[in-house]
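Both complexes below contain chain A, partnered by chain B and then by chain C.
For the complex of A and B:
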């Protein structure tokens, strides 16, 4: 299992990566592994304002459906349209091609309250 | 941690499969099902599903209840317990049948194998195995032999399954017609091989004593079968529109509305539990029918219990099964619909957490294997 350094994680297994003043959001490798085959991702429209800790979409696998929670507050500036036809990208590449949305952060200091890679790793059940 | 999985006691008093260690070694993720700790998936549900549709997969279905009955009167006795006239079965063949209650409701669906003149095997759903065994025992007494724990049952399914099974047990398999069964010497013991399954693909099911089961499992993997779990078993059977007891059929649904009239024999006049109710039900066309519903486009996934709406948004019923179909790449489901709403093309919507997803009634099944050799 991959836990990538340099990202911030939520307790609900989303990650956010700062690129200039934008935050790229996705779900962790652990999360995609737990969900199993992702077959649909419901994402917000461009311009939607996400609020830290609030639900912003849904991710569905063959087995189950899970809510997505915003790691930080900000306006959606891009949505990963490739997921419409290829939701399996979330499984294959959770930290890269399987990203979900980008937002312009309202308050970049919000990220300080999120988990770093070491703290996130410590939260997960012991790995196989 | 992975190897601890094999040695710790199963959680919550679940029964553990004889091949548990083999499943751990194959990378299984387990889930409780009907009192058993079952492999839910190995590599992934979609990959396993696709392996069965395009190649060959192997499932451990040892959780299915298995009861042997025997004797010159066994067929007639068994007939009094189930809806189908099993006495009409030739030795070496099997048939789908039902256990009904006095109202004609389905208490379980079963497979009856007439192995030879006087020996019969009945396979039950795991969730109903205890009640089903009592039903057989009420007819046979102590002569009913429970063999679930002493044997292992593997389902080998997919277009390459016939070749694999032929390699495994020889020409005896090739000689089987669909639903045929035969006993063959195998691994110093005896294997029961049947050309049956629950995926809509050709292939078969093999029952062997637990002592030689690991050898059978390993042989399947050596011949290239992909281990497949309950997750893929469910999406495969739903694409084939095969009902799951407890979801699509239960004690409140009758065989005719479920499209299972082929499992009910009334014209031999033989008595069985539910016969009078079923005879009355057979006089009229069912007011509702179990129908196949397919989403127009890829999107949110249909799940068991979602409301089914007509074009005006009125609730017609709810999905008895729902899933993402890996073969069709859209959501599919089944629901009991009024007889006026079952024609293919009938426009519907399925309410998934407040969203009305456009869908329509399609012909049953959702998926049909291209060629069934020997069919």
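For the complex of A and C:
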């Protein structure tokens, strides 16, 4: 299982990566593995304001439907439209091609309260 | 190609079997005068309908029916669904012409017999649940839930508290319909986590129970097949906080004839007659989800209810009814079967139902306990929720593979990946109508599969191998569904 360094993680298994003043958001490799084959991702529209800790979308797999929680507060500037036709990207490439949205962060210091890769790794069940 | 129907088990659709000009029945030619069709715009030309001979059609449908697996074919341990055997005498009673041929708009005086049965069922369900009043109107469990929560809403409105009480508390071990019902009725849902013993977290509950709570929705026993310990105290706390207690009675089979929701302190509860009271419900229905309540909530019951007035039975609308949930009087065919079942069994028989349902689930657990993990521990009630996490961790075999392999052993797979609080969940409900030998056979299959997972995990990844169709690509079906037959390009 891949836990990428340099990202910040939530307890709900979303990650966020800072690129200039924007944050790219996705779900972790562990999360996609637990969900199983993703069949649909419901994402917010451009311009939607996400609030840290609040739900911003849904991800549906063959097993279950899960809510997506915003790692940080900010306005949506891009949505990964490729997921509409190819939701499997979330499984195949959770940290790269399977990203979900990007936001302009309202307060970049919010990220400091999120988990770093080591802390996130420590939260996951050891056996995997 | 009529013979092909049985050879391919009906895999080819009727459209693919079609031959131009073939007919199941010869309609005599009409030589008289033809009346003009009233509106030619309603006519379509070139409608593609399958053209089959009569034997071709009969063999096609027979082949399809032979591919079906129901509780009449074998053990059907689909957890949470209570797939018990449905006694055939119930079918005979529901088919009696006096019942089956009654028109839903017939005047009450013409259908007194049917109304008497419905009235008797209302009384029986009131007695079974320990509640004051019952409406049989909801067509299924989810509709019964919605009726119950709308009744809560109406009651709070009458008390003048609806503006403040906006939240419904739901444990994470509840049926998924519970939070959906609360949300549909316009409430906010607060989830109460489970403790290690599978019951609600007392501390979180105490913290959340305040004067903004409309109701606490509890599935008893819960989806782990476990009793909610201290439920009477929980009900007392909820009432002290001014909230109402909603009971999801879908798992009644575990406690039938032994525990009454009214005695536990519930204000309103729905039942799933098609599950607990044995009416056929594979393939999605029809069901029946009566809602039972205290005297305080009775004026809000969905219409109609059957009342006895001056020696006759009438359909009545409760004083402040939330309204009608559907056309007419509920799923009367299901209600008749449930009444026949209750009357045939009586109290002792109903107690034997819950006793044997619990016995079978625990016997199964004891037979396979060395091979599958039980995260929340046992003994259990009517169903047992194993985790396939050991198989996944050690052999890369997932619950999904185990379920598919059970098909090769001749069983309907259990419910999988539910409840969500159990990793790799395998939810098995044998029901009371399985014999000791069937429970042992199911257990032997589960043990054999656990051993295969160790020795030959690839067998499980490929399963089912004996079914007419092998492993289906469910992911592709969900991602790119083909929802209708398309003609092959000529």
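Following the convention adopted for this analysis, the second predicted complex is superposed on the first by the 126 of 128 C-alpha atoms of A that agree within 3 Å, B and C clash if a C-alpha of one lies under 4 Å from a C-alpha of the other, contacts with A are read in each partner's own complex, and residues count from 1 in each chain.
Following the convention adopted for this analysis, contacts are C-beta pairs under 8 Å (C-beta built on N, C-alpha and C of every residue); 3 or more make two chains touch, one makes a residue touch a chain.
Note that the structure is a prediction, hence the values are computed from the model and not measured.
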Chain A as common anchor, with chain B and chain C clashing or fitting: clash
Partner chain(s) touched by A:11 [first = chain B, second = chain C, both, neither]: neither
First (chain B), second (chain C), both or neither touched by A:55: neither
Residues of chain A touched, compared between chain B and chain C (which is higher): B
Which of chain B and chain C A:63 touches, first, second, both or neither: both
Partner chain(s) touched by A:37 [first = chain B, second = chain C, both, neither]: both
Stretch of chain C, among 184-192, 310-318 or 400-408, that runs into chain B once the two complexes are superposed: 400-408
Overlap of the chain B and chain C footprints on chain A, listed as residue numbers: 36-37, 39-40, 60, 62-63, 88, 127-128
Residues on chain A engaged by chain C in the complex (per definition of touch): 36-37, 39-40, 60, 62-64, 87-88, 127-128
Chain A partner contacts - residues on chain C that touch it in the complex: 393, 400, 417, 420, 474-475, 478-479
Residues on chain A engaged by chain B in the complex (per definition of touch): 36-37, 39-40, 42, 58, 60, 62-63, 65, 84-85, 88, 91, 126-128
Chain B - residues contacting chain A, complex: 1-2, 40-41, 44-47, 231, 235, 298-301, 303, 323-324, 326, 353
